[in-house]
Every structure is written in C-alpha cells, then in structure tokens.
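Note that chain A is present in both complexes that follow, paired respectively with chain B and with chain C.
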Partner chain A sequence: MAEHRYEEKNDAEQNRFLKYTVTILSDYRLYLLLLPIIIWYGLWFYKPLAGLLIAFKNYQPNLGVWESDFVGFANFGSLVSGTWAPQFWRAFRNTFVISLYGFIFGFPIPILLAIFFSEITRNGLRGITQTFSYLPHFLSEVTITGLVLTLLYNGEVTTGVIAQFLINLGVISETTKIMQNAEYFRPVFIMTGIWKEAGYSSIVYFAAIMAISPVLYEALKVDGGNKLQEIRFVTFPGMAPTLIIMIVLRIGNMLSVGYERVILLYNANTYETADVLSTFVFRIGLEGGNQSIGAAAGMFEALIGFALVVGANFISREISDSSLW
Partner chain B sequence: MKNHSKSLLLVLLMILAVVAFTACGGVSDPEAEPTAEPAPTEAPAVEEAATEEVAVAEEEAVVEEAAAEEAAVEEAVAETAEMEAEAVPAEEVAAPEMAMADALNLNIAAGNNQRTITYQQATPLELPDGTVISQGALKPTWQYIQEQLGIQLNDVTIQDQSAGEMMDVSAATSFDNAAIYGGNSIAEDFMSYGAQGYFVRLNDHLEHMPNFAAYLAASPNIAKAITAYDGGIYFVPYVAEIGNYARVFDGRETWVTALLDSDEALEAETHTLTPSYEGFWDRNATNVVDLQNEAAGGTLTRDVARDTLLAYIAETYPELENPSDLYLGETAVYDMDELVALWRVIELSPNTLSKVTTGDVIDGAEITPFFVRQTSYREDVLRLLNYFGGQRVHGSDSYAARFYLDANGELQYSYAEDSFLAGVDLLKDLYEEGLIHSEFADTSMTDNVRNSLYAADDSDGQQQFGFMTYDWIASTTASNPDVVGMLPPLTTVGDSDEFIHWTENTRVIKPDGWGISTAASEEEINAALYLLDYFFSDAGHIVQNYSPPYGLLEGETYLAPDGIEYPKFNEWMVDASCELKSCDMSGFLRDFIGSQIPIGYQKEIGFELQTTINHGEEAWALWIGAPVKSTSYESEDPLFRLVPPVFSLTEQDTAKLGQLAVGEEQVDQIFLYITGAETAVDSVEALKALYVNAGIDDYVDVYRNAYARMTE
Partner chain C sequence: MERQSRSEVVFKVFAVGLVVIFSLMAFYPVFYSFSASISGKAAYETGQVILLPKDVTFQVYKLIYQDKGLWISFVNTLFYTLFGTAWSMFVSVTGAYALSRQRLLFRRQLNFLVVFTMWFSAGMVPLYLNYINMGVANRWGIIVAFGVQAFNIILLRSFFQAIPKEIEEAALIDGANEFQLLTDIYIPMSKAALATVTLFYATTRWNGYFWARILLTNPMELPLQVYMRILIENYQKMFDDMPINLPYAEDSYIFAVLVCSIIPVLIIYPYIQRHFARGVNLGGVKG
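Right, the complex of A and B next:
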C-alpha cells in the first residue's frame, strides 16, 4: 500500500516537472525576457550577500572575505555595547527619527499634490504644474544640496538669500549658522526632500486617482456630496490599495535614509542629529577603512529593515486586504 | 518572420552570455573572492604570530617576534651602514646591467586628479621647445624621465581615487595591476603589506639602487623610520626639507606699530568685548591679561585694553625702544598672555585698522586677530597649546600625528591628555572673546580665509581683515606686503624653567612614497628599482624638485640667504607659473609640470626660497637667527624628538585597532567644545570620557608596543 502511494507521489512529481518543462519550453520567449532580470538580481543582489561575512570577520582586503580571520559576533558587540556604541546608537536613533519625520511630513504631501492635480480640470495647466513639480527630482543630489547650502549659508563674508531673509524676519540671529546648527538639520533635510521628491512621488497616487471610476463621483454628486466628501468617500477609498502598498514599502525603507543627501548636507557640528546608519557605515567602513565594523552596522540596518517590512506587511494583511505578498 | 525571431534569439543569448561572463569575472565584487594567492612572505615571524591560538603561546611568540624583529631592524640599519662603506658614487642615469622591462605601469594616487602624473588641465601647456602638453598626456617631468631612462611609463591610476582607497582596492587583487604603487599617507600600508610579502624588500636590492643606498647610509634616522617591524624597507619615502621650519607665525607689521608706537593713527572705537580668558603665565611681576581684566570691569574697550598694555610694556620691558618691539623682529620676547593682550587691542580697533589698511575707516569692518588658512587647517589653532607651558600637540608634521614622546621617552597621545584638554579650555576662552576666527572649525566652509583676510584688502566692499596666522612663509608673505614673520611666543617646555622660542612643527619624513609590487615580473622589478633610484641621483633630484632642464637657467644658480646655491628657474617657468597658477610655483610644479608629486624623493627648499617675495626672506632669517628651537629626529631630549611618520603595525595590532573607536569623532568634539556648539559636551572631563569610552588606553598600548619594536 505504502509502495503504491510512493509510486503515485513519484508519478505526480514527474508529471509536475514535465508540466513545468513544457510550460517553459512553450513560453520560452517570456522566460528569455525574464532571464536578464534574474541574472541582474543574481549578480548584484544575491552574489554580494556572501560579502556579509565581512561582518563576522576581521576583514583584510588582501586576504579577502574567506581568508580573513573569523571573529564571530565581536563586531556586533563593539557596535551595540562596545567602543563604537555611542556613535552607533546615535546613528540608529537619528535614522529612525529622520525617517519618522520624513514619514509624517513627507508622506502626505505627494498625496495632497496628487489630489490637487486631479482637481485641475484644464489639462494644459495641469501638465505645466505637474512638470514643474517633477523638475527637482531630475536634478542630482549634489545640485540640490549645493543650492540649499548656498541659500542657507550665513558666513563672515557672504550670506545666502534664505538665510538673509530669515535674519530680516528675525527668525534667526545674524550669528546663527543654519547648517552648522544641529537643531536645524532635520527640518532642512526633510524640506529639501519634500521639495525634491514630492512632485515626482505624486505620480503614483495621481495614477491611482485617475483609475477611480468617474461613475462613483457622479453617484456621490447625485446623492448631494460636496467636493470634500468626494475626496473623503471616493478618492481616498479608491487610492487605499496604493496607499497601503506605499506605506508598507516606506516602512521597509525606514532605515534607509538616503545617505547622499545627508553626506552632502551634514558636518561634524551636526552629527548629533544628522549622522544616520548609512553615513555611519560610509564614514567608518569606507572612509575609515574599518570594513568589518561598517559591514556589521550595515547588516544590522538591513535585518531591522527586513523585520519592519515583514511586520508592516503582516499588519496590513490583517487589517485590510492589501499586502505585498 | 520565424527566421528573424531565431536570429534575434541567438543574438540575445550571445549578449546575455557575454554580460554574465563579464560580470562574473570582473565586474562583481572584487573583494568577495581573492583571485590570487599572496606572494610568499619574507616574514616568517608574522606568519607564526598569525597562527597562534593560545593567548600564552601568543605572548611568547610576540616576545620571540620582537626579538627577531629587533635583530632584523638592526640588520637593516647595519645593511645600510655597510652600503655606506661599499657605496660607489652614483652615476646619474647610467642604466644598470640587468634585464629590465621597457614599460612600467604606475598607480600613484593622491585623491586629486591634479596631483597625479597625468596632465589634467583643460588649458594645454606649451613648453619652451614648442611641444604642447594636453589633457591626458604624461606631465612634462614624467615624459622627460621616460626619455632619460628609456622606460615607457603608463599611468594606470584612477585619477581621483584617494591613495588609501587605492591601496585597499589593489590589495584585493594582490597588487597585480601595476609595478609601482604610490601616494600620500600610505606608508603604514607599505609597511604592513610589505611585511606580508606584497612589496619588494628594498634592502635586498640596494646594490641596484646605489643612489638610494647612499642616501640611506647618510641618513640612518630616515632608514630607521621607514623600516618595518621585520627589518624590511618596503617603500621609498617622500622626505620633506628636514631641518627647515615648516610654518611660522605671520602678522601685519603696521597694525602693531600703528596701535602701540604712537597715537597718530588712532580712530575712535566703539567695539567692546567681555573678557573670558584669564592670564596663564606668572613669569613677570604682573600679568597683562589680568590687568586688562581688572581694568575692564566686565566690559573691555579699546582704550582701556591699549592703555593697560602700553603701561604694562613700559613697566615690564623698559629696555624696549618701542612697545611694538615686544612683538616684532628679533627683539620679540612676548608670551602667550602678552599676545592675547595685543589681540584684544586689535580686535577692538576695526576703525583704526581698516583705515591703516585701506586709507579710510570702513563702516562695519571686522577684525580677526588669529585665523587659519582654511578649516582643514583647524588643528593649527590647537598648536597654540605649545605656548601654554610647552604642551606637545603633534609628534610629526601631520595633523594625524597625535603621538609624541614625553620627557621620559614614552609615547603619549596628546589629544587625550589631561594637560592638553585643560589647554582646550583656554582656547575656548580665546574663541569666546572673538580672538580666533569664528569659522575656523566650520568644516563645511571651503573658503580660503587667508585670501579673504590678507589678500583682499583692496577689494570693493571689503570688510574682513585678519592680523595673524600660522602658515607657510613664501605664500603667506606673498599674499600681503605688510605681512611679516613673527617669532613664536616664549614658553617653557617640559621641566625646564627657561623661556624659549620654539615650534614643534618642522619638516619631516612624510607618510607618503612609493613601493614596488612583488606581483611584478623580475624585469619590471628591475626597471622599477632603476626608476625609484633615479630620484636620488643628482639629475633626478633636480628634475623632481625643480623641473626638467628647459625650466632652469643653464649654468646659473640661486644663492639662498643661508649661503646655499640652488638651481634657478628661468623666465619661462616664472612667467608660466604666474600665468597659469597665480605665481604659485609649488602648485604649478605639481599640477602642470609634474614635479614635487609625493613619491619617494628628498625635497629641497630652494624652489620656495627663490620664489619668496615681500618680507618672506626676512621671516626665514628671523627664525633662523633667533634661533627658534624645533624638533628633530636626532634630539637627545625625547620631548624635542620627532616620532616616525608611521608605526609599523602587525596584523594583530590592526585587528585590535579595528575594535577601537578612537579617531576623528573625538577630535570633532574638541572643536565643537571650543566653538561652544550646542551639541558639544559640556566639560573637558566629558571630552576625556569620550576618549576613554572609545578605548584610548588600548589604543595607546598598541602604538607603544609598535614604537618599542621599531626602536628597541
């Protein structure tokens, strides 16, 4: 009896394998198109995973990953409770805080923009408005941060336009150096991000709004709904799946504060509020040549990011029908 | 149609195969899989120590290792001494009789594409013979060397890559993409990788490097400083103008005389300052800072500050002809407190000094008593601690050289010392009073402050003026005709009660240089030895320090104030440097000609002396004549002895240091503390705690052991 079941299972597996093979062969063009992506992912996302071993080693470039001495969790120990702890936990805290601020202040703006765009009825005007809002996205971080630093600079010899404006308004004193002051780093960082990305990020929400059936709006109008009620009862529910997916993705990236902008804007005076995990990894691992500690910090960041995205996806699935997987 | 599909499919497959092959072989992370075995090591002691598993055995091994290393170092020094006896006078560029490659790959990184051996200027350079050097070609000096030695030189440097990064990346492929590697601040890498067998042990090839051998034999201290713990010399260093002052104090002469020697130039002033700094010295009956503070009653005005200072000078130094003689020229005998008193008067005199400088009182003029050229020179403010009781700040001519030898000959990490940190409090007081440039530590500010405070007096709308700095003589005195060299403040050093003029900053062996990869073929190594040696021949020395012959006056020399004759630049060189590099000869040589790039050579001061203008030569004469005591490799007193440019660390040392967080973070905090940043710690005790938490004790131990291995 048992032998019979085994044979049946074996036959089923063979059939399944045959079925897959036939499917692949018959649709080989599609799989061929998929191949470059698989290779790309393999080479750039999975093969480098072996490099994570650096976090558990006393890495020396000449010995390579495999031959360097294995040190277990010593690098993690140094980060969490050893000599690197003050810097590491500062970067950890800043990463969360900046992400949180970015989420609170940065996340709603593209949604509002998308709603505004959808309410502009004249296509020409909407096109121009949208294009202008997208433009900063296509400028490099170096250009954007260069502009920000110039506009906010308040030095002995020259003063930036915005800095001078704030001085004239009495918001800051003549001696206040905005970009040297840790207190101002986060607002500047968040506002720069909003300026650069809000327009471009609104595209996905705008597309979601455009996909909502006009019949729903008409039905609400027949029922006597006003504009705000349209947004509340039609637009938002219609965007909900997109919103949730974007939230899940955003939470997954909570620990991935764009290091380019931080590196270009921060300095030693503002480390206290500006240094994030990615800049810590860059400064210690690459600039300081301590690759093992850098890799350990990077891995720590990745693991927490992974946990966050899984957690957010789980919660999303539990409380709504939308989830990434 | 079907045939087209098949063809397309075939092409696509081929492209994918090529991409996959390329990516697997070369584009993927080169550090992930070592592609080549390290070259056989010549340091068995290192291997032994590396394989130790038991701590006790490890300690024993270290003791044995130290003994072996000691013997090896002695052997190396003995070898060079032997070479002295055997050294035949080097015959310039005569090719040795050995099989040599006819081309060499060079990887010389400086983190700045202007400073490589390849010409990177957008403006082509036309040489006197009409040859045009364009972007991408070898710089003229290197083309000349190529012709002289008959070896084709190929620059394989990634032009903007820093030398440290270049070494890390090259190490992953066992240094196999060039025969010669070089750059700045990589001497420690040469020692470390050299001891592991990646760089040619030059001691074993000195017979092929007669000029370098003779140089080492004549300079045993240099030989010792570049010898790794296993006794090997793995790189040829860039040796700056040893025995010369690196930088001096400079100040505006007329400001001092106008303020102190008469009342004629005085304008009414309204500026005030609140004294924070209290007098440090008690070498005279009264302390001028204390007197100013008492007279101020909380708010100091120019008149009170000046009157107090003049009365003090008259009483304390009755022998001085003019009050300004306390500060200027060879009669200068001021200490740090007396300098602070002068700075205060200067700070409080913007109307007077702007008129002295420009001929008119400038409304809103701001005076900076002390500044550093740019924020990357911020450590020069810390050097002021030298004059508060002789606190050592840097053990060598490098901001990163924070180890020095104390009076007992023991290595100390200056920045973490209690006495150093106590001095930081004094600097904080000076900063609070506005006596130090407000942006000196603002690392995001990339302006050249010396230009704006010294060299822009005649610019429209100029309101910023600076009095004093600590900088290179030639370029600083050239920036303003009123700027003169000033002797350093008097101070005691160590246990001595004698007040002396001294500077710890002198020209030294730099942690820069170049070495030969063992991955190169024998012919390439021979050619590389020949090239490295060339720079220690008379011809190579001149080419590297000045220029190829077409930039020099044939048969003429420049007679320096010290009586030494140096090669003299011709008119073409001087004109070209002014046209293309604002008369900055040093920059012109490096960026356009290709000389003075930090590879292994002995630098000479002649180029700088002959391009010095205004009061530059007087500054040199002043410091030499005083004389200003300085540090040296030969000093009997450890407190005045230079430490080696780098320490030869073992793999265990490197591993231990990797777990310690001592570095720039704490230095940043020191500057935040001085400038009173909101995020700064609130006391010097807290600064000390930062170092302790970062593992300073273990850090110092590692370096002490390394130094002991190098010197015992």
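Right, the complex of A and C next:
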C-alpha cells in the first residue's frame, strides 16, 4: 500500500517535470531571454553567498573554501568578545553614529531645498540654481574626495582655500591638519555628503510639491493663512507619502554608510571616528588577509542590514499602505 | 491683506536667497578647481586665488597633455563605459522582459530572487574571492562581472508591464515571436525608460573606482578614477615629505586633473539632467 502511494507520488513528480520541460521547450525563446540574467546573478550574487561558508571556517588561501578547517562560530566570537572586539565594536558604533548624524543633518536639507525651489517663480533662476546644486551628484567619489582633500589641505607650502578660510575664521588653528584629525572626520564626511547629494535628493520632494493642487493654496489664502501656515497645512501634508517612503528607505539603509567615500577620506589617524563596518571588513579581511574574520563581520553587517530593511518595510506597510516590494 | 502679502514677500526673499547661496556653494569647488589649475604659482601659493584665476597660465594642461598614463586611463574608462553599459543593458533588458511575462514559470520566485539582491549581499570578502576564483581580475572581468542592478531591472520591468496588451496581441496575430516582440514593440515603446537606465549605468561605470582598484593589477588596464586617485595619493605623500621646486603650484596639477575628470560630465550634463529627473520620478511611481 505504502509502496503504491510512493510510486504514485513519483509519477506525479515525473509528470510535473515533464510538463515543465515541454513548456520550456515549446516556449524556448522566452527562456533564452531569461538565461543571461539567471547566469549573471548566479555567478556574481548567489555563488558568492556559498562563499559565506568561510565565515565559519579558518580560511587558508592554499586550501580553498572547502578544505579549510571548520571552526563553528569562533570567528564571530573573536569579533564580539575576542581579539578583534575593540576594533569591531568601534566600527559598529561609528557606523550607527555617522548614519544617525547623516540622517539628522542630511535628511531635512533636501526637503527645505525643495520647498525653497518651489518658491522661485522665475523659471530661469530656478533652472540655474537646480542645475548647480544637482551637479556634484554626478561627479565621482574620487573627484569629490579629491576636491575635499585638496581644499582642506594644510601643508608647509600651500593651504587649501577652505582650510585657509577656516583658519581666518578662527575655527581651526594655523597648524591643524583637518584630514589627519579624528575630531573633524565626521563633520567633513557628513558635509561632503550634503554637498554631493542634497540638491539631487531634493528632486523627489520637488516633484511631490509640484503635484499639489494650487486650489489648496488658494483656499488657504482665502481663509487668511500666511506663508508658514501654507507650508504647515498644505505643503507638508502633500509631501507626506513621499516623506514616509524616504524615511523608511533611509532606515533600511542605516548600515550602508558609503564605504567608498570613507576609504577615500580616512587614514590611520582618523580610524577612531571614521572606521565603519564595511571599511573594517575591507581593511582586515581584504588588505590584512584575515578573510574569515572579514567574511564573518560582513555577514554580521549584511544580516543586520537585512533585518532593518524587512523591519522598515513592515512599518511602511502598517502606516501607509505603500510597501517597498 | 497688507500683512499677508508682506509675510509672503519676506519668505520669498529668504527662500530665494538661501537657494542661491546653496547652489553657489555647490558649484564653487568645481569653479575654483578650474581657477586654481590655471593660476600662476606665486599667486596660488600666497593665497590670492579665491574665486577667479590670477596670472593665467596653461602650463599644467601642457603637462597633462604629455601624461601618457592619464590618456591611457581615459581611453580605458571610455572602453569600460561603452562596453560595460552595453553589457549591463543587454542583461537588464532581456531579464526585465522575461520577468515581465505573465506566463513565465516560477515568475514570482524569480522576481523575488532579483529583488533579494538589493537587500542582502555576500559581503566584500566572498565577492572578492569569487572574482579571483572566476578569473575576472582583468579588463573583461570588469565589464562582464559588474554593473547589473536590481533597481534598474525592476524599473524596466514595471515599464514593460505598463505597455498595453492590445499592441502586443496585434503583433502576435501577425506572427511575431518573442524576440520580435521585444525588439519591435517593447524596446521602441520604452525609449524614455531605456535612456534613463542607460544613463544610470553609464555614470556608474564612468565613476566606478573600488573594485577596479582592488582587482586590476595591470597598470595598462586602470580606469581614469583609479589613475586619478593614485596621482592624488602620491601628491599628498610628496607634499608631506619633500616640498620640491616646480615651476607651477603642485596643487594646480591635481586641480587640472580633477577638472579633466569633471569636463566630460559637464558636457553631457544637460542631457543627463533631463533624463535623471525623469528616472527619479519613475522610481517614485513604483514605490
């Protein structure tokens, strides 16, 4: 009896397999089109996921991923409370602190810019100011950080123009080397981010404001509302859905402090405030050759990041009906 | 009535003023680089160059013109951008089209596998080991193994899905197959979205730095961004250790290199700006 059922199940499975094969063959053009993307993600995204195994091994380059010794959670242990703990927790803290400051100072500026842009009624002036403020977004990180490093440079022979300006204002002393000083890394990093992205980020809010019906503004005017009331009761409610989505996206990306920019701006003197999780992974795992430690730290980062994204999406669905997937 | 219009005027002046200041500040470093790159040594080093160039000379640009490495890296970047963008577009367009078809087997699961790549990653170390194992630490590897982004695929997929089915049905009656549907109907009908995504990919390729820096070992294969960064690093070291006597301000050379990297962006900027504004809105609609 049992045997009979087993055969039946096997038959059903075979049938289904046959059905899929026939479907695919008779529709081969569609599945050929699917092939490149499957191979691409297979080789460059899903195959490396298997490489995460080295986070649980003591990876030796000459042995390879499979032959290296299995060590269980030892790598995670040495990150959380072992040899690497001081550097790891420093990177962990820096990641959240930079992210949080970036949010507090960086998030409101594009919104204000969008409101101000919408105040400019002359199209020519608006076009020029928008063009100027979007431009840094399209420059590469190497260009942007090259400008920052040179403009803030304070050396024997030359002093960058912004460093000189800060010296004249008395913000820094004649001898302060801004980029060699851990105290200044975060403000410089966050201001660089604002300079590069604030203008471009304002586009999405600007579009939201432009979509608000002028009738609402006129109605408020008839009721005797002033400009600030206009912003409070018309502009902000009009932007709310966009605002919520942007906040949710931001929470989901809490951990992804732009590591390229950090690597291009930091140095041994500023690790204290600059080293974030991904640069820790880069320095220890890739440059330092501790692949297993790097993989474990990277996995830790990816898992928290994933939890944040899922959480943010859940919140978004609860409060606004708009989810990200 | 009087007070109300005055509050409006005050706010407008305030808003316009701030926006003008912000945009000038955003543009200043770019403009300043140009000024500093063509200023004379003495004027630059004594801090006389603040906005406009002084004692104009183009000698650093002559040096740049003679810098072979810079030209090679520039051509390499053109090569990576051109072929890399074409490759990314090929994978994204075919993939987005296949994933947009209702009758595709396991359509939901496959779509999830694409979206999942936006939220999780194996991390730098496994990625690096995989690139090394697969032998892509070279010119062609940079083109083939990088630069396909789930966000762009989803953007294209939603665009394809929004095209009315009636048009497709008419073509099917005429005996069009799946390839012809894509090349004759879907691609021509989504030119705007395709242009936007192409620009997204092209700027990412043009600006790409990190993986090229750690994977490429042959100096003849370095892209512009990596070459520029090495120049900047050497210059910073040179400065700290030994102030040397050159006929131009050392900074001027770096500024000139930065200007050279900015100029191509400025040239296609008007075109970019039009399409990116639209791209952001496309993304917003989907959200």
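We adopt the following convention: the second predicted complex is superposed on the first by the 252 of 325 C-alpha atoms of A that agree within 3 Å, B and C clash if a C-alpha of one lies under 4 Å from a C-alpha of the other, contacts with A are read in each partner's own complex, and residues count from 1 in each chain.
Keep in mind that, in the parts below, a residue touches a chain if its C-beta (ideal position, glycine included) is under 8 Å from a C-beta of that chain, and two chains touch if they have at least 3 such contacts.
Model, not experiment: these values are computed from the prediction.
Novice: With both structures placed on chain A, which of the two partners, chain B or chain C, ends up touching more residues of chain A?
Specialist: C
Novice: Name the contact category of A:Pro48: first (chain B only), second (chain C only), both, or neither.
Specialist: Both partners, chain B and chain C.
Novice: Examine A:Gly124 and indicate which partner it touches, taking first as chain B and second as chain C; both and neither are also allowed.
Specialist: neither
Novice: Look at A:Val65 in the shared chain and tell me whether it touches chain B only, chain C only, both, or neither; answer first, second, both or neither.
Specialist: In the superposition, A:Val65 touches chain B and chain C alike.
Novice: So, A:Val157: does it touch chain B (first), chain C (second), both, or neither?
Specialist: Once the two structures are laid over each other on A, A:Val157 reaches both partners.
Novice: Regarding the shared-chain residue A:Trp195, is it in contact with chain B (first), chain C (second), both, or neither?
Specialist: In the superposed model, A:Trp195 contacts chain C only, not chain B.
Novice: Based on the superposed arrangement, let me know which partner A:Gly305 touches: chain B (first), chain C (second), both, or neither?
Specialist: second
Novice: Between chain B (first) and chain C (second), which, if any, makes contact with A:Ala74: first, second, both or neither?
Specialist: Once the two structures are laid over each other on A, A:Ala74 reaches chain B alone.
Novice: After the superposition on A, what does A:Leu149 contact: first (chain B), second (chain C), both or neither?
Specialist: In the superposed model, A:Leu149 contacts both chain B and chain C.
Novice: Just chain B (first), just chain C (second), both, or neither: which does A:Phe116 touch?
Specialist: After superposition on chain A, A:Phe116 lies in contact with chain C alone.
Novice: Can you pull the chain A residues that chain B and chain C both touch?
Specialist: 29, 35-36, 43, 47-48, 51, 65, 149, 155-157, 286
Novice: Where on chain A is chain C touching in the complex?
Specialist: 20, 23-24, 27, 29-31, 33-38, 40-41, 43-49, 51-52, 54, 65, 112-113, 115-117, 119-120, 125, 128-136, 138-143, 146-147, 149-151, 153, 155-161, 164, 195, 198-200, 203-204, 207, 221, 224, 226-228, 242, 245, 252, 259-260, 263-264, 278, 281-282, 285-286, 291, 294-295, 297-299, 301-302, 305-306, 309-310, 322, 324-325
Novice: Give the list of chain C residues in touch with chain A in this complex.
Specialist: 3-4, 7-8, 10-12, 15-16, 18-20, 22-27, 29-30, 32-33, 36, 44-45, 47, 49-50, 90-92, 94-95, 97-99, 101, 103-105, 110, 113-115, 117, 119-130, 134, 145-146, 148, 153, 177-179, 182, 203, 206-207, 209-210, 214, 225-226, 228-229, 232, 236, 239-240, 243, 249-251, 254-255, 257-258, 261-262, 265-266, 269, 272-273, 276-277, 280-281, 284, 287
Novice: Using the touch definition from the top, list the residues of chain B that touch chain A in their complex.
Specialist: Chain B residues touching chain A: 9, 12-13, 16, 19-20, 23-24, 27-29, 31-34, 38, 164-165, 168-169, 171-172, 174, 193, 196, 198, 366, 437-439, 441-445, 447, 452, 464, 651, 654-655, 658-665, 668, 671-672, 675, 677-679, 690, 693-695.
Novice: Which positions of chain A touch chain B when the two form their complex?
Specialist: Touching chain B from chain A are residues 29, 32, 35-36, 39, 43, 47-48, 50-51, 58, 60-67, 69, 71, 74-75, 78, 82-87, 149, 155-157, 175, 177, 179-183, 267-273, 286, 288-290, 292-293.
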